[in-house]
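Naming follows writing order (A, B, C and D), and every chain is counted from residue 1.
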Amino acid sequence: MRISVRFFAGLREQLEQTELELSLPAGATVAQVWEQTAKGAVSGPVLAARNMEYVDFATHLDDGDEVAFFPPVTGGAR
Amino acid sequence: MRISVRFFAGLREQLEQTELELSLPAGATVAQVWEQTAKGAVSGPVLAARNMEYVDFATHLDDGDEVAFFPPVTGGAR
Amino acid sequence: MNSVVLEQPLDPWQWLGRYEQSLQGTPGQTGATAVFVGSMRDFNQGDAVSGLFLEHYPGMTQCCLDDIQRRAVERWDLIDSLIVHRVGQLYPGDPIVLVAVWSAHRRAAFEASRWLMEELKSNVPLWKKEQLVAGSRWVEKNTPG
Amino acid sequence: MNSVVLEQPLDPWQWLGRYEQSLQGTPGQTGATAVFVGSMRDFNQGDAVSGLFLEHYPGMTQCCLDDIQRRAVERWDLIDSLIVHRVGQLYPGDPIVLVAVWSAHRRAAFEASRWLMEELKSNVPLWKKEQLVAGSRWVEKNTPG
């Protein structure tokens, strides 16, 4: 199945990558996407979203899903 | 000594009086002003101010003081 | 820092826009602004209310507004504060009171604006008389905060 | 009810003035309006900050703003709410976020506006990169509320 992957903020900079497409076997998880893309090159906490909703890394994916990885969010104000 | 007395809101309406001048012996208290002006005609809680600061009824007055009586305040919003 | 007893209609957003233009200090100090606007409702204690007269004690009302404002600014180390309170005749939907505070961090702004509203309701000499279909009545109690 | 991700400068008081003119319902229902504005400070963690870039995840940022707003309106039975959040390049003094809620009574307005700010900071995909004299850095932690 085809999965789109996106990275944001500090994570995007560390990986020097904004988005990519992956081909994975049916039933693959968010964790597998992470292993194939981050390659152990990332330190610190990482959050994941599937189709723009927060998910944990054990979540199984479907063909065409968009998966995003990013650091903890820091919006709002002081 | 001369004391100015003012009434506000529901109290002003009950007493049908907005302000008046009183002549009192030196050392008179807020309570004495109240007795001479309200004449037992008032029900409910009453607050007092002397020269625009909240005081209790035992406070002694000086010549020229302004004393005000009014019901609990209800400013602001719901 | 300013507190105002206002006899004319109150447009809170216009007041805030103008006041911020006059603010002292560098704009980069303020991280948080909290604003509360209280408006006249057309319903109270089960009755339709068509108007409201707000009576005040001119000098003392002003002093008490100044006083609670000064206490809030000290207690929360605020950068600035603006209070504007209407007096006189009001109609449903009219803004009654504007409380605004400027601070470095949001916690101080949230706490100070809320505290100012509670102080204002319990300590500042202002009295509401509601106009109902069947005459008018003085509001005798505050609602809990 | 509206939430907006904004790439242009944000004038909170102009937004509020315009939004209130468009409000549904009779104006006499609203007794309380609570507003919070977060602005860019020129100082953070001991360093002078000259600029801030706010990155977002376009679709998800919008969804998350809509979601926290809907939850606040339901939980406190609000009359209306407006959230506007800046993205892109900001400078000291620039407003970053506007949160406004309209309710019948003040307690709901105070609580909901504060809750919205905390949710916004912890759940909405937005990331701040500060520009310092000695380069730039991602902000990694929120300040406590």
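Heads up, the rule we're going with is that a contact is a pair of C-beta atoms (placed from the backbone, for glycine too) under 8 Å apart; a residue touches a chain by one contact, two chains touch by 3 or more.
Because the structure is a prediction, the values reported are computed rather than measured.
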| item | value |
| --- | --- |
| Inter-chain centre distance, chain A versus chain D - centres from mean C-alpha coordinates, in Å | 26 |
| Chain B and chain D: spacing of chain centres that average the CA atoms, whole Å | 48 |
| Contacts with two or more other chains, residues of chain A listed in rising order | 76-78 |
| Residues of chain C whose C-beta touches two or more other chains | 31-32, 36-39, 41, 104-106, 117, 143 |
| Pairwise touch network: line, ring, star, complete, or other | other |
| Every chain pair in contact, whichever chains are involved | A-C, A-D, B-C, B-D, C-D |
| Chain C residues touching chain D - in the complex, by the definition given at the top | 11-14, 16-17, 20, 26-43, 92-93, 104-107, 109-110, 113-114, 117, 143-145 |
| Interface residues, chain C side, partner chain A - complex | 31-32, 104-106 |
| Residues of chain B touching chain C in the complex | 6, 8-10, 44, 49, 52-54, 68, 70-78 |
| Footprint of chain A on chain D - complex, ascending | 36-39, 41, 44, 54-55, 57, 59-60, 63, 85, 96-97, 117, 120-129, 138-143 |
| Touching residues (chain side chain A, partner chain C) in the complex | 76-78 |
